[in-house]
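When the chains are written out, they are named A, B and C in that same order, and each has its own residue count from 1.
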Amino acid sequence: MNQFSYLFNPITLFGAVCTLAIFSLIFKENRIYRVFEHMFIGLAVGYDVATTWTQVLKPQWWDPMVVDGQWAWIMTVPVGLMFYGIYTKKFAWMSRLLYGIFFGLTATTIFQDFCQGFMPQVVKSYKPLVPPPAVPNDPWASLHAFSFVVNNLLFMIILTCVLIYFFFAFEQKSKFVQITAKTGRLILMGAFGAIFGSTIMTRMALLIDRVYFLLHDWLRWVH
Amino acid sequence: MHSFFAAIPHHGPEYFGKLIIGLLIVLAILGLLHAAPKQSRRAIIAVFTFLGGLFYFLEFFLPVDPKTNKNFLTGQQEFVAQLSAVIGAYAIGLGVVSLGQYHAKIISRKREGWGNSVVLVIAALIMFTFSILNEYHAKTVLFTDPFQHHTQDIHGVFLVLFEGGLAKLDAATFALIAFFIASASYRAFRIRSVESSLLMIAALIVMLASTTIGTALTNWLPTEGPQANFRIEHISEWLLTRLNSPAQRGIVFGLEVGALATSLRLWLSLERGAYFDAEV
Amino acid sequence: MTTSEKGSVWARMQRVDRRVIYVLLLLSIIIPMLLPQVEFPILPSQQSKDFYTGIENVAEKTPAKIVIVDGFWASGTRGEQQWQTQAIFTHLMKRHLKFAMLSFDTQNKTLMPAIADKLAPQFGYEYGRDYINFGYRPNSVFQQTVKGMVNDIPGTIKKDARAQPIASYPIMNGIKDSKDVGAVIDITPVSSVGVWIGLFQGASQTPLFYAPTAVMAPEGYPYLDSGQISGILTGVKGAGDYEQLLKTKSFGTQATSALSFVYALIILLVIVGNIGYFIERSNTRKVNA
C-alpha cells in the first residue's frame, strides 16, 4: 500500500468523481454532468423503493401477516392496488376514492393543529405594556423597562400592519388603512431580507461542506 | 367478529383459507362500489373522504376520560397510523411506473440522450438490489478489493453506492445553487426601490452579524447599556425577533386560517379545481 | 479617464464572465481552509445559547425521561444538519440523556444513526440501553405517527430499525407516552415543526427544540416568541455556536470561519454590482440627455 492509496478509497474516490461531475455544470452544460445527473435519479429511485420494502412493508405488513399470522392484512393489497387504477380509464375513479380517504385523514388533523398550535400564537400576540418589576441591583432597569414597552408595542403594531396588508376581503379605500397596509408591506420587505440573508448562509454552507469533503476527506490537504 | 379477524398460526388450510376470504371480501366490496351507477361515484368518493377524516375529528373533539385522558378512539391511533403507512407505501410504484414508462420510451426509440436513460435504469436496479441485500445479507463476501487488499462484502458495495454515490450526488446538486446565488448577487440584485433597499439592508445586517468579520465592525461598542444596542449582532437579533417575528406571525395567521378553510373544503368535498372537477 | 472610458470600465465589469465569480467564490472557501491559523473567534447567538440552556435544563429537571430526536434531513442539506446533529448528540451524550432517533426521510435513516454510532463509544453509550433507533416512517404518515406517539409510543413505533420490539430494550422501561418524553428535537430542512407543535407539544407541553437549516430558521421565530419552541439552532452557524458552547471543535467551527470570507465576498459583490449599476445608469441618462 503506497502513501497515496487513500486517494483510491472506493467510497471517497467515487464520491469525489460524482461531486466534480456535478460541479462541471457551472462551467458549461456537458454530457458528463447529464450522465451523473441520471445516475443520481436512478440511485435515488432504487434506494427509495428498497427502503419502502425494508422499512415499511416488510416490518409493518409482511411480517405481521406471514410471521405473526395476522391474515387480515391481506385486505390491504387490493386497497393499495387501487392507486394503480389511474392507469386505466375504467378504474381511474377508484384511485380518486383512495386519495379522497387520505385527503380526509390528513385534513382533519388541522383541527388539533389549529387549536393547540395556532391559538397560542393568537394569545401570545397580546403583549403586556406594563413592564415587570425591575431586577434588584440592575443598573439599566429604566432602560430595560423602556425597551420592554417599546418592543412589545412595536410587535403589536407590526403584526397589525402586516395583517391589514394581507386583508384582501374588502377594498382598502380608507387612507389610514392604505398607509397601514403600505407600512406592513415595507416591514415584510425587512423580514424577507432577514430570510434572504439566512438563505445565503444555507447555500454557502452546503458548498463549503462539499469543498471540505474534497480537500479533507479525499485529498487530505486540510486537517 | 373480533375472533374472526384474530391472528392464527401462519400455515395450514385455515390460514390460507382466511387469506383468500379476506381478498374476496375486499374485492366484493370494491366490485359493489364499481358496479354502482356512474352518477353516484362522486357521492361515494365524498362519503369515503368524509369517513376518512371523521376519525381524527372525533378523536380530538370527543370528551376524554379524565382518569386516562383518552376516549375510545385514542387507542386506535397506532392502528390507523400503521394502516396508513402500509397502504400509502403501495403508492411508491406510481413513481417507478411513470419514470419507467418515460425512459423506456426514450430507450426503445433511441431518442437523444437514450444512453443517459440506460444509466438511470441500470443505477436504479443496482441500487435496489444492493439495498435489499444489505438489509438481509450484509456480510456476504463478494470479491477481494485490489486497492485495499481486503475482501469486500455487500455492505461495502452498498456504502460505495449510497455514501459515495447517492449522498454525494445529492449534496453536490444542492451545493450548485451557491454558485448561482453568488453570480446573482453581482448581476441581478439591484436596489431599484425603497422596498428592495429595505430588503437588501436587512439581508446585509443578518449576513454581517453571522460572521466574525461583521461582529468585529462593532466590537468596540460596550456589551451593556444603551450603546450595546448598536452592536451588529444585537441589531440582527432585533431584526429577527422584533421585526421578522411579528411579520412571520402575520403570515402564519393567514396561512393557518387558509389551511383550516382548505382542509374543511377537502374533508367536505367542497374543493373545486382541475383534479376535483374532472369527470369520474 | 474620461466619463465614457469610466462608463466602459463599469460596463465591462457589469458583463464580467460569471465563471470569474465562481472562481472567486471557490477561492474564498479554499483559502481559509488551507490556512488553519486563520480562525476567527465565534460569538454564539442568543438563540443558540437558549438551545444549549434548554437541553441543560432538561438534563437537570427530567434526566430519566427520553429525548426524541427526529430527522427529516438528507444528503442535500447535510452540509448544515449533519453538524447540527453531531453537536446535539454530543451534548445529549455528555449529559447522559437517553434519546431515541426517528427518521422521516429514507436517507436520514442511514445518516443520523451513523453519527450516533460513531459518537457512542466516546461516551460509553450502548445501543438499547442509552439510545435507540425507532427507524424510518414515511413522510406521508408523519402526522399520524406524531399523533400516535402522544398516547402510546411503544404501540405506535412497535419495532426499532433492527426489527426488534422496542419494549424489549432497557431504554424503553417506563416509557409509555408523551409524559415520559423530556424533550423533542426536530432537525429538519422542512416546516415539520408546526406539526410537532400542533399535535405533540400542544398536547403534552413537552419542550420542543428546533434545528432547521438557516433558510427555515426565520419561520421559527414566532413560535420562539410564543414559547412553543424552547430554542432554535440556526444552520451551520448554530452548529459552530453549539460546538463553541460544548468546547468541542468540528466542521461547524471551521465552516463559520469559511462562511465569514464567503459572506464578505457576497457583500462585496452586491455593493460593487450596485455601484456599477448606478454609475452606468447615470452615464446612460447623461448620454441620452
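To be clear about the criterion, contacts are C-beta pairs under 8 Å (C-beta built on N, C-alpha and C of every residue); 3 or more make two chains touch, one makes a residue touch a chain.
Remember, predicted model here, so these are calculated numbers, not experimental data.
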**Request:** Going by C-alpha centroids, which chain is farthest from subunit C? Tell me that one.
**Result:** B
**Fill in**
One chain's C-alpha mean falls closest to the whole-protein C-alpha mean, and that chain is A
**Fill in**
A count of C-beta pairs in contact puts on top the pair A-B
**Whole-Å separation of chain centres (CA-atom averages), subunit A against subunit C** = 11
**Message:** So the centre of each chain is just the mean of its C-alpha atoms; given that, what is the distance between subunit B and subunit C in Å?
**Reply:** 18
**Request:** Report the inter-chain centroid distance for subunit A and subunit B in whole angstrom, where each centroid is the mean of the CA atoms.
**Result:** 9
**Message:** Residues of subunit A that contact two or more other chains, please.
**Reply:** 26, 47-48, 51-52, 56, 60, 102, 105, 109, 112-115, 117-118, 121, 155, 191, 194-195, 198-201, 204, 206-207, 209-210
**Asked** Residues of subunit B touching 2+ other chains?
**Response** 56, 80, 82, 84-85, 88-89, 91, 162, 166-171, 173-175, 178-179, 181, 185, 200, 204, 207, 210, 240, 244-246, 248-249, 252
**Complete:** Among subunit C residues, those touching two or more other chains are 22, 25, 76-79, 107, 137-138, 140, 144, 147, 158, 218, 222, 225, 237, 259, 263, 266
**Asked** What residues on subunit C touch subunit B, complex-wise?
**Response** 14, 16, 18, 21-22, 24-25, 40-43, 45-46, 74-79, 107, 110-111, 137-138, 140-141, 144-145, 147-148, 151-152, 155-156, 158, 218-219, 221-222, 224-225, 237, 256-257, 259-261, 263-267, 269-270, 272-274, 277
**Fill in**
Per the touch rule, the subunit A residues reaching subunit C in their complex are 26-27, 47-48, 51-52, 55-56, 59-60, 63, 102, 105-106, 109, 112-118, 120-121, 123-124, 155, 191, 194-195, 198-202, 204-212, 215-216, 221-223
**Message:** For a test of understanding, state which residues of subunit B touch subunit C in their complex under the given definition.
**Reply:** 56, 69-70, 74-75, 77-78, 80-82, 84-85, 88-89, 91, 162, 166-171, 173-175, 178-179, 181-183, 185-187, 189-191, 200, 204, 207-208, 210-216, 233, 237, 240-241, 244-246, 248-249, 252
**Prompt:** Touching subunit A in the complex: which residues of subunit C?
**Reply:** 19, 22, 25-26, 29-30, 33-34, 36, 76-80, 82, 106-107, 109, 135-138, 140, 143-144, 147, 158-159, 161, 163, 194-195, 197-199, 201-203, 213-215, 217-218, 222-223, 225-228, 234-237, 251, 254-255, 258-259, 262-263, 266
**List of subunit A residues in touch with subunit B within their complex** = 1, 5, 8-16, 18-19, 22-23, 25-26, 34-54, 56-57, 60-61, 65-84, 86-87, 91, 93-94, 96-98, 100-105, 107-115, 117-118, 121-122, 125, 140, 143, 147, 151, 154-156, 158-159, 162-163, 165-166, 184-201, 203-204, 206-207, 209-210, 213
